[in-house]
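Listed below are the structures to be examined.
Both complexes shown next keep subunit A, but they swap its partner, so subunit B is in the first and subunit C is in the second.
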Partner chain A sequence: MSRPGRDESPDRLYTLTGGRSHSDSDTFDLVTLVVAESDPAPGMQSEHVAILRMCRSPVAVVEIAAELGLPGSIVRIMLADLLDTGRISARHPRTARAADRLPDPELLEQVLVGLRNL
Partner chain B sequence: MDSATFERPTGPSSAGPSLADTADNGLKIVIVGGFGAGKTTMVRSVSEIRPLNTEETMTRAGEGIDELADLEGLSRKTSTTVAFDFGRISLDARSVLYLFGAPGQERFWFLWDRLFSGTLGAVVLVDTRRLSDSWYAIDRLEHHNTPFIVACNDFGGPLHTEEQIREALDLGPDVPMVECDARDRSSSKYVLITLVEHLHALSSQSMSASARNPSAQNPSATSRAAEPTPEAAS
Partner chain C sequence: MRPSLRSTVPAALISAAVTGLLCVWAVSAAPASAQTPLAWGAGAGAAALTAAVTAAAHFRSLVERLRGREAAFTARAEQLAAKARRAEEDVRRTVADARRAAEDAARSEAVRTATVAACANAAGRVQAIATSVLADLRAMEHRHTDEDVLTDLLHLDHRAAQAGRIADSIAVLTGARSGRRWARPIVMESILRGAMGRISGYQRVRLHSTSQVAIAGHAAEGVMHALAELLDNAANFSPPTAEVHVYVEEVPAGVVVTVEDSGLVMSDIQLRRAERAVTAEKSDLSALSGTRLGLAVVGRLARKHGLTVSFRPSARGGTGALMMLPQELLTELRPGSPAPQPVGIAPPPAPVRARKASAVPRVPEQAAQSTEETEAEVVEEEVQEVQDAPNPPATTAATPTPTTATPTASDPPGADLGESGLPKRRRGRTLAAALLRTGEAKARARDEARPATAAPSTTPAAQAARFSSFRKAVTPTPVPPPPATSTPSEGDPR
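And now, the complex of A and B:
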């Protein structure tokens, strides 16, 4: 089975991101939830169109990458562009990210309630 | 690929239910283990979507991997691709838990900070017939100060006592260890609950410790987490 990110020529990936290999895309965590703020416009890059369609309800960055079949690093760059132009909004995780710091007990209690209700 | 494209004309909804519009907080738990330990099986048994696969291509300044690439005569110099599976559990109207099945091999670990920073904790999924597969992962989790539990996936192999396994894995008594059947939803659910209960106990301890000694840690800092960390966690 072909996977676009792996099998297509690097040139195409280069084109998708306008030639950049990195950007401020680090603002996007794997589990940052992305929501479209506008409909696709005529002439938009097809991947951008796909993202906007996919994100009518919240979708995590990692799910977008899996659906598009593109590496996360490429997807993050496209998301940064869409964020810059106000076409998406991003809901970043609220969990503490710093090393050596545990999430607070209240959050963990909520997680436990959710898991027990599964 | 054609059939996969055909199956999902409308985006991720075909892979499972869409998230609630109110969802705004993504959480992570990482399930790490050797090849064939049952990571994807466990993700599948509790996920509300069929497990998806994605990959990260990472570049880093030269280290072991580059030397390896040179040795093998590969033209690729500083980039490595790691594929991983993941699934999802909607916990409530706002919180969504993502489960990542992460490879335990050495070449994966330089991604840990970047991909899995902010993870609640980890499950080390162990095949007791191949305990040594877990050594490296346990060592790295300890190094990264990521809290974890050990779950022994039941492959019907020879029975070991908990003591024997703990000794073979060099596990401290404070690390919970459970047996599980990764194919079974309630068993996998129990593993996740055991992990989060462990995290809760650790977190409560550290909160009360910092309450006794306020200079040690500022508890309010834990809630101010929204800003993404700048790059270069390592």
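And now, the complex of A and C:
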């Protein structure tokens, strides 16, 4: 959040997205994990470059937004652009975590037994 | 002598005749003995009388003549005096006129000065309001996540930015101070986008720039404003669907920004007039046409910042405006500077070319300052992160200071405690200082963590030690936790 009366950057947010404020895709929510699929290319918008560098390992959308200091909606639009050009891929954390949400009950039981034996 | 002769001769003749007749009568009437002496005496008397009469007549006519001449002279003198009076009056009237004209001029000059000052003042206020509105809008844009609200806010933002530009234009034309100033260099991309955001047709503007140069903070606003005016011209004088292209090219003398539209082709005369408008040595407001303020604004800004603006027919079929930014306005952003991070494509922003001496001294301190700010923010974020999650995510490993990922980093001795009881970073403290103290803190923490089993101390150092050992207890480490600090409640200073 910028401090009142002190505008940090001359960029207005609408210029970052070409005036769009709705993202077409609903792929991204705040916790979607984003991974870069390619390196930044010359002439790209600096925010896109920053996203691609940040996402060499999976990063959540909310983290990208915090790092860039931009509202989530704006970041989502930029991510949708990158996704459309195939430069990033997105993965929802829930689908990834669903399989191992809870550890195996048997394992838990063994741990309990082990603890009692200490 | 003629007129005197005319009056003298008859008088002489008449007196001669009269006296002659009298003499003849007297001589003839006298006795013969006295005739001869009487004739002599009478003749002499007659001659004397005639001479006296003649002389009298002569002088009389002379006097009359002189009197006449005197009258003539008097009349002439009066005439001349009247003429002199008229002339004097004329002169007086002229002087009065001149004085009145001078007074009028002075008054109108005063009125003009007052008007310009009032305009400048008003423009300054509007600028201030526009700036704060833009800042508020940005804050709101960050606060509201609803996309519909965001759409409306962006719309307002755009309108406010345009209003701000018009206020800026008036301020520039009236010679007021520039309303906004940037404390740090602004990268070219932000300059272009900032300029673009201030015109109505910004969605038609296409930027083609890989330049990494940044504009020195003091000139950034002016350059942005001048570019915005050029972009506005290009967008206004081209079809509403045509795109306006902006190219940035680095040349030895500086940077050339080209704004090309595919709209109306300007004739030679128009091109020359436009160039005159932007290069005029001393522009006065009387040359303004009322509706076309843009080029006059560009001209003023160009003079102020040493920009060179020229126009030429564009290869796209419209008009191209070229703006040359001299080296003095350019700096390179150091890596680690805030906001739009330098892109990795181009070679790292090293001092590529020889900088003018004037540009150099400003850069390091600004860069240092901004670096300090960023790094301080990084530390803050990290602290937040570390406190939130037991295991720092992989992203923090990429930060330049791996040691700060340990919990003790967040708690140097002497740190202020916030309302939550957690340490607060003091504003403006450098990362280096933080690291330095971190090392001390670590050592001290290790020393104190062991013996400080009982007696809950309230000194920050002791709290730091407790906090760090609490962290160690929670995170699975091979080191056995100190027995006294195993309960979190005890570690809580409150």
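Keep in mind that, in the parts below, the second predicted complex is superposed on the first by the 82 of 118 C-alpha atoms of A that agree within 3 Å, B and C clash if a C-alpha of one lies under 4 Å from a C-alpha of the other, contacts with A are read in each partner's own complex, and residues count from 1 in each chain.
The rule is simple: a residue touches a chain if its C-beta (ideal position, glycine included) is under 8 Å from a C-beta of that chain, and two chains touch if they have at least 3 such contacts.
It should be emphasised that the depicted structure is a prediction, and the values quoted were computed from it without experimental measurement.
In the superposition on chain A, contact of A:D104 is made with subunit B only, not with subunit C.
By the touch criterion stated above, A:G114 is placed in contact with subunit B alone, subunit C being left untouched.
Contact with both subunit B and subunit C is seen for A:A66 once the two complexes are overlaid on the shared chain. Once the two structures are overlaid, the count of subunit A residues touched is higher for B than for its counterpart among subunit B and subunit C. With both structures placed on the common chain, the touch criterion links A:T32 to subunit B but leaves subunit C unconnected. Shared-chain residue A:P93: touches subunit B; no touch with subunit C. By the touch criterion defined above, A:R53 reaches both subunit B and subunit C. On subunit A, the surface touched by subunit B in one complex and the surface touched by subunit C in the other have residues 1-2, 5-6, 21, 50, 53-54, 57, 59, 63, 66, 71-74 in common.
Interface of subunit C with subunit A (complex): residues 131-132, 134-136, 138-139, 141-143, 145, 147, 150-151, 154, 157-158, 161, 180, 182, 186-187, 189-191, 193-194, 196-197, 202-203, 208-210, 220, 224, 338-346, 381, 394-395. Those residues of subunit A that touch subunit B in the shared complex are 1-3, 5-6, 21, 26-33, 50, 53-54, 56-60, 62-63, 65-67, 71-74, 91-105, 108-116, 118. Residues 1-2, 4-16, 18-19, 21-23, 39-47, 49-50, 53-54, 57, 59, 63, 66, 69, 71-74 of subunit A are the ones that touch subunit C when the two sit in their complex.
On the side of subunit B, the complex with subunit A involves touching residues 1, 4, 8, 10-12, 15, 18-21, 23-28, 46, 52-59, 81, 86, 88-92, 95-98, 100, 115-118, 120, 144-145, 147, 185, 189, 192-193, 196-197, 199-200, 202-204, 206-207, 217, 219, 221-223, 225-231, 233.
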